[in-house]
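Shared chain: chain A. Partners: chain B in the first complex, chain C in the second.
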Partner chain A sequence: MARLSLAGVSKEFGSVAAVSPLSLDITDGELVCLLGPSGSGKSTLLRMIGGFEMPTAGQVLIDGQDVAHVRPNRRPTAMVFQSHALWTHMNVFENVAFGLKLRKLPAAQVHEKVMTALELVGLNGYEKRSPRQLSGGQQQRVAIARCLVLEPKILLMDEPFASLDQHLRERLREEVRQIQRKLGITTLFVTHAQDEALALADRIVVMSMGAIEQVGTPDEIYANPSTPFVAGFIGTMNMLKGIAQAGHVSAAGFRVKADIADGEATLAVRPEDFVLTDGGLAVKVRRVVNLGPYLLAEAEGGDGSAITVHIDKNRVVREGDILAIAPQRYAVYREGAAPYRSA
Partner chain B sequence: MTGWIKRLDWPGYVLAIFLIFFVLLPILTVFIWAFTEQWFYPSILPTKWGLKYWFKVLERGDVWAAFFTSIQLSAIVTGLSALICLPAAYAFARMDFPGKQLFMMSFLMGNAFPRFALIISIAVLFLSLNLVGTWAGVIIIQLLNTILLMIWLPTAAFQGVSRNMEEAAADVGATPLQVFWHVTLPQALPAIGAALLMTFVWTFYETEGAWLVGAPRVQTMPLMMMSMINNQLVVQYGAVLSVALWVPSLVALLLARRVMGSDSFAKGLGA
Partner chain C sequence: MADTLQGSTVTPSKAVPKGRPYGLLFIALPVALIVSFLFFPALKSIFGTIWVKQPDGSYGVSIATYQFFFSDAYSLANLAQTLWTTVVTMVMLIAVNLPIAIYLRFSKSKLAIFVQVLALFPMFVPGIIIVYALIRYMGPNGLLQTLLEAVGIFGFQSPYLTPWGPVIGMLWDAMPFTLLVLTAGMSAIPTSAIEAAEDVGASPMRILFSIILPQIKNSLLVVTSLNFLGLFGQAFMPFMLGPTSPEMMGPFMLRTFSSVRDPLQAATQATIVFALCSLAGLAYVRSIARRRAQEVVK
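This part shows the complex of A and B:
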């Protein structure tokens, strides 16, 4: 329904730079996840889009119109808070109807819209309940209905399912995904859970310390993390410190080809990207965990560094075994240079 | 409840005995006296029960006059206190201004000061302002007494309102005034109600200020009661008035608990 552009947006709280100047374009109907560790500025960024924080600098453009200094009640955005923030002195119906009543819609129309919205989130029959009489998941559904009933141009969600258990989280994120697809509503979803971002997003924005580390589809981000931070943050990655010299990198006893300038470098290999091969590095298995589809072996490399390897479950591996492994697919990160990726 | 009784060990017993002697027994005595017509010395209970003194007290015009004076005074003081203190409480809770901490502390300090000494010095000041013996004087001195309660409780209540709830209201289109009216105020209402009720009841029973500034021209109910207890040989007048005054405040408090729900009431009291 709407295009969102951030142009050089930043936010400082006193001397703390919560968000450094950043730019981002989100197309109509896209679902973008803001992913990052605690304190990386995700909420602050979202709150600037919703109008709850004024940017220190920059523009927030919705369909080309700068709303950076418009009050939240005049913005076409709607926000779902982590703490659902339902009004406990109103029942479910009144919560969802409040925004419509402020718009002075006739009662019959309010009723119809509220019922449609509650139906959309699977809560028909709950109109008369107090928010206190609902489970955590139901409360978040009401909060979502309260936003959707106003047909906002942009839906903002700040860790909406963080306080729910894993099972419920997975179900609700599927529902959010379906509703978002059905309505085609441009959505920004904040999370610090990578599985949530990978499952939900059209594109992921990885943030760290108030800056954007990488923007890309879940596949891109997982397969080609562009910085060591992203590499270490998304999924499991062996980050092995080493030295680059003469077109090769040596780390943890491995020596692999890497077309990168000489100096300190980090060899990054995913556990599933190792192969067992006779010519490989001999590593000693410290621990084996059965993860169902595969075994996860924690091994010790040549210089004592820990290496995590996925192994086919048909293979018998025990603690103390020696495995010969080699990275089949890897990346090398070096400060001040673009990462090198193996073919 | 039974668990509580079971856990009652010796400090509990001491406390219970203490409570019986210093709280329940006096109240019981007052109650008995209120319904006594005759009580000769060696007898443990009254020799003749009856409602005679109730009729006698209720027949007196000065009692009713004092009652209405007290009701009016309490209503005016509570209303003025709310008018002055509630906006201040909101400002304390939600706005930042220089000297805010100092302000809050000054209320506490004023109340930590021995009250009687404070009231006397105010009475002396009022004397020079010709406020002694006037309604205005009594209203002002009682108003001063309510400020701590009417600012601290509602400030805590406003501070307790979730910011996200207010933001959510703004988010669906409410102007700042609408946010206050539809979300902040209703959320803080139980605690504010508790503060209003306590202020009213407290003002109704306030004695020292009313006595020093108001007496004898402004005759409130507690002053009436005091003079009856002090100047009359018949104990029953004072006892009847005590019971008659105790019942409405108890009913008011019980009602408040019911209306507000015990949990939010406790929250209003800072529990």
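This part shows the complex of A and C:
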């Protein structure tokens, strides 16, 4: 368990800036997800923390010690790779025991620690198996055990469930969360899947184009995205282009109050934040999808914009129906200004 | 949609009956050619070494030619010379090519492309050119000796016509193949497997011996066994670059057949070479079978 601080860390590959100078503090025992699309710099940042890439500038501080230019084998970190990275010529026991043997621990202690780690990830009884005889999920558990057995201060996970099916991903992320809570280990988890980040993280760091867009708890990030990018990236959000004028914003036929400077603006409304109301904007339903707990209606706004609305499943809505809707809760984004949020 | 389906008449496609030897027919011609022009003459030749003409003119089983080979000091010296040359060349092939393969696998430098082209260059040079180039370079009064003497180093002993001559020639000749196989083996090791080892605390040497070498075991076995087959029976390089006594089995067989005009003894020598090469062949076949078995488990 440790505290991790990044101070002005950046990485350039030739003339390309993969990570722009950024700073971040992660407290002891926290599970932080680095979330962003491909090419956002999240894996590069994780690899710099693990020592697999050297930062172009900045400090990587673990418990106050700068390890930015220390080799991975000399850092108190352990990395779980996306591709499992198991050594196929070794069995499960040997894979997990390899790091302990390098530390020249007595055989009995190695055996005890390996068995404890395998039990922790639910793989007791599998120690003699070859990695080739394991499923993708089991292989990833071995990779996790291989890291945990070394009792690192910080656990780094680089899209560990990316190659697994949805059901297995959900199960494994719950298990990872339980193990992380049980051990209280500071963990950084890279993912491009927002559901994974929202379900796992104590805090989420949303990244785009090598920079941090927003840091916050899953609730904060979902409820109050601070940039249009975060608003569009997390969950479903109707991003309606419009004009701000005289304390109001007009977009896609809506006119809502927004205390923001005049000019081009984006009205952001989540599908569940629309209400059906008699005085609302009339939109034409193009498609209805039953998502179980609610209906998802894809409608066309006044200016032809596509609008997604969640509707109570007890209400009968068909393609071609006209609905009158109004945003109950919304945000307005304008370049160079703080977002306006409705009450 | 449903009506259309109900109304349509679907003609079931004709299933290929099981048990018909279409696959075997496909390979029948090449198999027939191999049997006719390779296996049959080879087996006939091997059989001819033990089914020999007796003093009374009749034919019978005899191992006299083998007894002669294994009691003849010169033949045994040639066999030993061949084994020495083969083993030394194979060790040097691995020693030279493994670092290059590792470098090519992990280097991100543009120099890596140049190194690869340089290492594969001998593949595009005919053997005779290589031999003459080596003779001109490392032979007595060759370029190497001239260069050494120019910088004040005298007493150069040319490897030409010594046991080291064929080693150098065959090393050059077999280098591209060895490098290609090792590079292919190295490329199958994921970078993350190396990084994971580094992450748990392995030093570069430990990574080499505990992760890289075990993971390219099959490639090493392939280059070792196939190079053994190629080097053990080599005739051209040892003939051009090697000593005349003792000599390698290749030129020895050639000389026994064409100069000494003793086809029976030449066939016996060839059978002994074949038997030894079969061991290397067996190792190769086993490595292939093991890889297939691993793929099936996967």
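The criterion applied here is as follows: the second predicted complex is superposed on the first by the 343 of 343 C-alpha atoms of A that agree within 3 Å, B and C clash if a C-alpha of one lies under 4 Å from a C-alpha of the other, contacts with A are read in each partner's own complex, and residues count from 1 in each chain.
Convention: a residue touches a chain if its C-beta (ideal position, glycine included) is under 8 Å from a C-beta of that chain, and two chains touch if they have at least 3 such contacts.
A quick note: this is a predicted structure, and the numbers were derived from the prediction, not measured.
With chain A as the common reference, the superposed partners chain B and chain C clash.
Of the two partner chains placed by superposition, chain B and chain C are both touched by A:H89. Within the superposed three-chain model, A:F81 lies in touch with chain B and with chain C [touch as defined at top].
When the two structures are aligned on the shared chain, A:R146 is found in touch with chain B and with chain C.
Applying the stated contact rule after C-alpha superposition, one finds that A:S130 touches chain C and leaves chain B untouched.
Counting contacts as defined above, chain A residues 50-52, 71-73, 77-79, 81, 83, 85-89, 98-99, 102-103, 143, 146-147, 150 meet chain B in one complex and chain C in the other. By the touch rule above, chain C contacts chain A in their complex via residues 190, 192-193, 195-203, 206, 210-211, 214-215, 217, 294, 297-298. Of all the residues in chain A, the ones that touch chain C in their complex are 50-52, 71-73, 77-79, 81-89, 98-99, 102-103, 130, 132-133, 143, 146-147, 150.
Taken together, the chain B residues at the contact with chain A in this complex read 162, 164-165, 167-175, 178, 182-183, 186-187, 189. On the chain A side of its complex with chain B, the touching residues are 50-52, 71-74, 77-79, 81, 83, 85-89, 98-99, 102-103, 143, 146-147, 150.
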